[in-house]
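The structures come next, written out as structure tokens.
One chain, subunit A, appears in both complexes that follow, with subunit B as partner in the first and subunit C in the second.
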Partner chain A sequence: MMWTDLPPGLILLLGGVLAAVLPHHGRKALMLVLPFVGFWQLIDVPNGDHAVVSLFGAELVGSRIDSLSLVWGYIFYIAALIAGIFHLHVRDRMQDVAALTYMGSAVGAVFAGDLISLFIYWELTAVTSVFLIFANRTNAGFRAGIRYLIVQIASGVLLLGGLILHWRGTGSVEFGNIGIDAPGGLLIFLGFGIKAAFPLLHNWLQDSYPQATVTGTVILSAFTTKMAIYTLARGFPGQEELIWIGVVMTAFPIFYALVENDLRKVLAYSLNNQLGFMVIGIGIGTELALNGAAAQAFSHILYKGLLFMTMGAVLYRVGTVKATELGGLYKSMPMTAGFCIVGAASMAFPLFSGFVSKSLIISAAAGEGMWFVWAMLLFASVGVFVTTGIKIPYFAFFAWPKQTQKTCNEAPFNMLLAMGVSAALCIGIGLFPGYLYDILPYQTDYEPYTGSHIVTQMQLLLFSGLGVAWLMRTGLYPAEMRSTLLDSDWIFRRALHRVWRATVEWGTETSGALTGGMRGWVNTVIGVAGRLGGPGGLVSQTSKPGTGVFWLTAMLGLYLLVFGL
Partner chain B sequence: MSTAANAGFSLMANLPALQVVVPMVAAPICTFLRFRNGPWAFALLVSAATFWISANLLMQVLGGDVISYEMGGWAPPFGIEYRVDTINAFVLLIVSGVSLIALPYALRSVEREVPRDKHHLFYAAWLLCLCGMLGITITGDAFNIFVFLEISSLSTYMLLASGRDPRALTAAFQYLVLGTLGATFILIGVGLLYIMTGTLNIADLAERLGPVSDTTSVRAAAAFLTVGIALKFALFPAHFWLPNGYAYSPSAVGVFLSATATKVSIYVLLRFQFTVFGDIPAFAELDFATLLLPFAVVAFLVGSTVAIFQTDLKRLLAWSSIAQIGYMVAGIGLGGIDGLTAGIVHLFNHAVTKAALFMAAGAIFLRVGSMHIDKLAGIGKTMPFTTLAFVLAGLSLIGVPTTVGFISKWYLILAALQHGATGYAIAALVLASSLLAVIYVWRVVEVAYFREPATNHEVTEAPLSMLLPLWALTIGCFYFGLETGYSVDIARAAAQSLLGVTP
Partner chain C sequence: MSASPDFREPEKYALDRPAVVRRLYHVLIGLCVLLGLADIADMLWHVYHKHGYFDVEYLPNFYGFFGLLGCIVLVQLSKLLRKAVMRDEDYYDDDVD
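Up next is the complex of A and B:
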């Protein structure tokens, strides 16, 4: 009874609490054993709602085990185990605790049957995971962590607001199909959207992941976004807006990935792109498409984790993952290089995991007659292979070694083991997709390896590979540069900052009016007039012809509007 | 009609043509006069002639007559008609009068601020500019207005950039960009009117516009014309070219243009608003001048406010000009005999006041070599006459009773009070803006009289050739403030003729 009603997330969460007091070996043992315990619980406990509690007149479901949540449960435990192995050499209590509690919260969120439990786990993932970024103990890491935390908490606040509205609107907190028609649903949708890294809400991902520790990035990459994908699949299947959001998501990160220099950031962009596939699948909402989204989440955790692990190993041994400073590492780290190629191939090549899961979504789009979406998916699938699948192994392991390149050792054994397990799973799924298809939410007899699928995909891949080779030979491929890319987070980090500063400055000036009586009012009026009309003020600027032309045109527009009507 | 066109050439009968032709022909001649002071003396002579012509023209039309002159003997509406009535005779007098009084002043100022080898070109541009402005005012043909507008604009770009200050180049370029845009708008407006009516003669346009007045094309024409003209008289927010243009050009140019160029553009606005679109009932509810009213209010508030914060004396005056233009347009926007009278009389009053102020500023620049207000410390002691004139003209800018500025504001407030609650608000804002003028004038007074002059730099009083015109205008500020017979009566007559009311 106790076993059945134990919410799945608590296994890792309580393990995390325990790890706070255990010595090093005890913590490592927990990290290796608990995933097996959790996995066994999922197999052992029958499907259905467990741990049902009534609280404040709302029915809380601590553990809802069904075909959809199980897919994520399985892969989360697999990822937790692989991360545990990869993490084995790290002697850092903070990271161990953070990793265990974070993974536990993510599992808990997946099995939460009501929105209140979901909200609690949702915020827990934010608070726990930020320590994986702090654990780097650098100033940049700390600041990135704070930014990450603000965004994650904002997502939770949206979720909370939405759930209250939803509760009052429908009288139920059950986490089922929500829909965005009601304001509550819309808020929840946005809250999910932040964690799923929707376009323009995505920057926290590329900002924070590359700042985390070697193993922290591997762990982060597996859980937060995929948990958000799960909640979208649960709450908003078939929501048509998701298709278009997903299309944008698949397309725009490719260009950033192409020119980015930090290879872990390249992976973060391509992670964003892969999420787009899942979002599209959920947006299409047919059984085939939802199966595709789940399968894609499953295989994506494996191969993206694998790629992050290889880059983590490089960072661990070389100390940098800048494309400008790497190259020729295949000599010193041959195994890692091999695993990296497997991870890259898994994104799109037949006989690897990504192909069998993406095919489901691409076929679903074709099946619904969405040819534009279908074409975009093909483009994105090839594009991400070119920008990430070729770029990562090439620049890290095969590019001409830079002058400063030092020789280094192969990655530690535990890292190689973790990578090996992931690589084996990637290939295994690619060779025997039936096992993956069996655990998908809906029954399927889909066959990925039809002649046309393979031929289409291979033609696209080989021609694009040929194109890249030609571009590199002719020097047209964008050279890797030490630079900072301006993404839309500039808006949040700079423009909003300016607005905030201006508000504060204006506020100081105007607040005098409220506190200083008559004298305060006079000072305020003078201050505001000076700000507007003084040197460089808004209205006293006269130096730019463009401004003049703008106002003149605006004036004409007003007149035409008034007299034209 | 015109005083009988006698057989053969009659000087008096051809005055309207001569008004424009004399400076136009004189300009190229001026470029050949390359000896010392030659171009200046010639320009002064020509200016005196044009002033005499405008004075005669004004005399002829003051009785309420209208002179219609057929250019080249082609009868309107086919030929170009020059048409002189009270209002444009008044503007002609202002323009040629300012030119006449600014030229003696210009001699020393230009000597210092314009390279010697460019003097003949400078005065040629001056004459062309004069010709353009007179042409805009006197012509009765809409397209001809555009042509003269371009003549005056092109020569203005040249005048603005003729000084030694490199900042003047960018200022002139900026005006070139914006001015071209404004002229294009005007041309589009005139073109639309021509398409709709088939005529370019203004009197003819007014008659033919009636049947088609309710079309979008005509409304669009009104919009294009208003905005294009508003740029020319630098109505906020189409004012961007003005502050730098006036501040960095040679002082004499600032005097000449600030007192004339914007006034001529306002005349063009009046002409289109009342003569062309005036009779159209569709515009009675919300005519395009009424829509200018909010712009005008913002203009005088913003202009006065920004002027307070200027550190450059000429820029201060330029921003004050933007405010004063706001008063004129506010008068026109308020409408009615009183509103129009207020607007038109302020054309004249502001021309006198601002010309005096720019003259004082230019004289100070000649001696001090800087326009930065902090550099003017103690100038009340070293240049007593110039500074006193500046302060007296400044009083007029504020609108102290017994000055012309007071007359303008008096009529403006009278007109505003006829408009109910909105009018009271506008009147209050006009008074508030006057208080702002007190502040910016006081800033100069404080520096000039209450700070010790810098000892290392000997500053002497301005030369007589500058002081005389300056004091003539300063006395004018008070003379016309007490003896309103000329300015107000003429403005009222002009307003009546625009509105078609018989006195």
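Up next is the complex of A and C:
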């Protein structure tokens, strides 16, 4: 049947194509209605492989609906709807088309049952999403977009190479548990790793997200990285390397987040840290840990999206999200400030979503006796609370402004509504975690609300909050500064650039010497010939025919000598 | 997009008064003390049945001290990081429009 065999991603993707020709209201209607249609399809169609096609001996599965892909499917459609509401006031065909096709590609990738379909959607997410960065129509945005595109395409190329090796080695393109040791496994792993923002492969994220449009960043934050987390959970569950990669990912971004001035970049760093939690969960690979990774992806999309929306609203109203230029905004934007606090609390506090999802991963690590991983996860929890949970609301809405206090209007109604829906879901999941646990890949009887868990978590959070308050009152907390922090993007923005420039300079000098030398030779030849053949020159002297014959014979002799031998 | 910036009456909002902020700080300290005492109470009378995976978790207020220390370590290390990687805002001159 058509409906059953319709690959889920196509609903939004085709909508995006349609949006290219529809007028403003038609595009907005699509953005609000299609997520419901897609969600309904996921509920309506039974689990299993659909849209199976055989092509050149490869079995393509356009729609694989199972307990793992459904978690991501549900949350992607919820995120698409919230993004649609948040985006409602924007009149920009470029962003509407980019958003719909991008979200559709991400949904398609999650339900792709084979590597070839996955690769196509994988590349589509790259080329569609970049327009959310270009749509800012600034020089910096354009350059960041190009850098973003290069990295994203590189990830796709790695996936393609791995897919071909895998196909040749195993004779199958099925996208199941691959493992690094399988043919092409390492290439596929690295391809996924780029989009999952592994350490040193991460910096495209912090480089490009703050350059996207107000709504573009909100949309970007939900899909690409979480799609990569899904593919890791599908292809590399229990891959031990992921634990250590994840530990580094949870740790290093929080140091950057603490001293970064651009608050959207701070969120991008803390996003990187949260991905680390999921990567660790996948690396541990037990049922509890994989449930944790899925649950964390679900609640993370909601609260990180909410935080990006609040910063988007500030950017929209004030024109900047630099901590050095903000402060005291709770007076002008009280609702946005409230939603920001909900988003911040949702990362860790009891009764909010992060508390019931993150603890699955921490418990899984502790349950396996991995004390070091467990301690690092605790440290990362402290870090993300300090650098995001406290820093974002404090510097945007509460800190005393340094120069002049900005006054502005509250965010537009549609933005507030989108934030409200997200905030309600964050609290809803925190209050009734059973609904989230029911859709996880594995059955679980995990109980987050034990006295022990609540008290210890509150100790962790309030004491770290006390630490920040004490450091601020004593002046030890580093003041925000207008600055650029060097990260791994420096390697290709400066180091490689310098190598290239040095190469060009060296080449110019060398080729200059060469052309200079050649010209010298040519001049010498011309000069000598002129002297020989010019007036009074040796060759041009009038002389007896015998002399001419002599020279002719000499030349022939030389000719024979050179070419004959 | 934004209205023209101007100064507001400093006393109009409670949070603008240093005394209020100081009181909030003291409330936070009070809450922390209570949470720390909860652990001692649990050791003596098993108030909330603390359970953990590792022995260190049973030290009184382990999580509190971990949070406090973690926060201070994080801030101090970040300052070092700043010394190493911080540059002018327009370091990447190609970002300027």
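One rule holds in what follows: the second predicted complex is superposed on the first by the 496 of 565 C-alpha atoms of A that agree within 3 Å, B and C clash if a C-alpha of one lies under 4 Å from a C-alpha of the other, contacts with A are read in each partner's own complex, and residues count from 1 in each chain.
Everything below uses one rule, namely that a contact is a pair of C-beta atoms (placed from the backbone, for glycine too) under 8 Å apart; a residue touches a chain by one contact, two chains touch by 3 or more.
Here the structure is a predicted model, which means the values were calculated and not measured.
> Applying the document's definition of touch, where does A:Q459 land relative to subunit B and subunit C: first, second, both, or neither?
A:Q459: touches subunit C, not subunit B.
> Go through the superposed model and pick first if A:G383 touches only subunit B, second if only subunit C, both, or neither.
second
> Of the partners subunit B and subunit C, which touch A:N177 in the superposed model: first, second, both, neither?
Once the two structures are laid over each other on A, A:N177 reaches no partner at all.
> Let me test your reading of the model: by the given contact rule, A:L552 touches which partner, first (subunit B), second (subunit C), both or neither?
first
> A:G537 in the overlay: touching subunit B, subunit C, both, or neither? Say first, second, both or neither.
A:G537 contacts subunit B only, not subunit C.
> Looking at A:S67 after the superposition, I want to know if it touches subunit B, subunit C, both of them or none. Which is it: first, second, both, neither?
In the superposed model, A:S67 contacts neither subunit B nor subunit C.
> Please name the chain, subunit B or subunit C, that touches the greater number of residues in subunit A.
With both complexes superposed on chain A, more residues of subunit A are touched by C.
> Just checking: does A:T503 make contact with subunit B only, subunit C only, both, or neither of them? Give me first, second, both or neither.
neither
> Of the two partner chains, subunit B (first) and subunit C (second), which one does A:G451 touch, if any: first, second, both, or neither?
A:G451 sits against subunit C, while subunit B stays out of touch.
> Using the touch definition up top, name the residues of subunit B that touch subunit A in the complex.
170, 173-174, 177-178, 181-182, 185, 216, 219-220, 222-224, 226-227, 230-231, 237-238, 240-244, 286, 288, 291, 295, 302, 305-306, 308-311, 319
> In the complex, go through subunit C and note every residue touching subunit A.
Of all residues in subunit C, those touching subunit A are 1-3, 5-8, 13, 15, 25, 28-29, 31-32, 35-36, 38-39, 42, 47-54, 57, 61-68, 70-72, 74-75, 77-79, 81-82, 85-92, 94-97.
> Within their complex, state which residues of subunit A touch subunit C.
138-140, 143-144, 254-256, 258-259, 261, 316-319, 328, 330-331, 363, 366-367, 369, 371, 374, 378-379, 382-383, 386-387, 398, 404-409, 450-452, 454-469, 471, 473, 476-478, 481-487, 493-494
> For subunit A, which residues are in contact with subunit B within the complex?
529-530, 532-535, 537, 539-540, 542-545, 547-549, 551-552, 554-556, 559-560, 562-564
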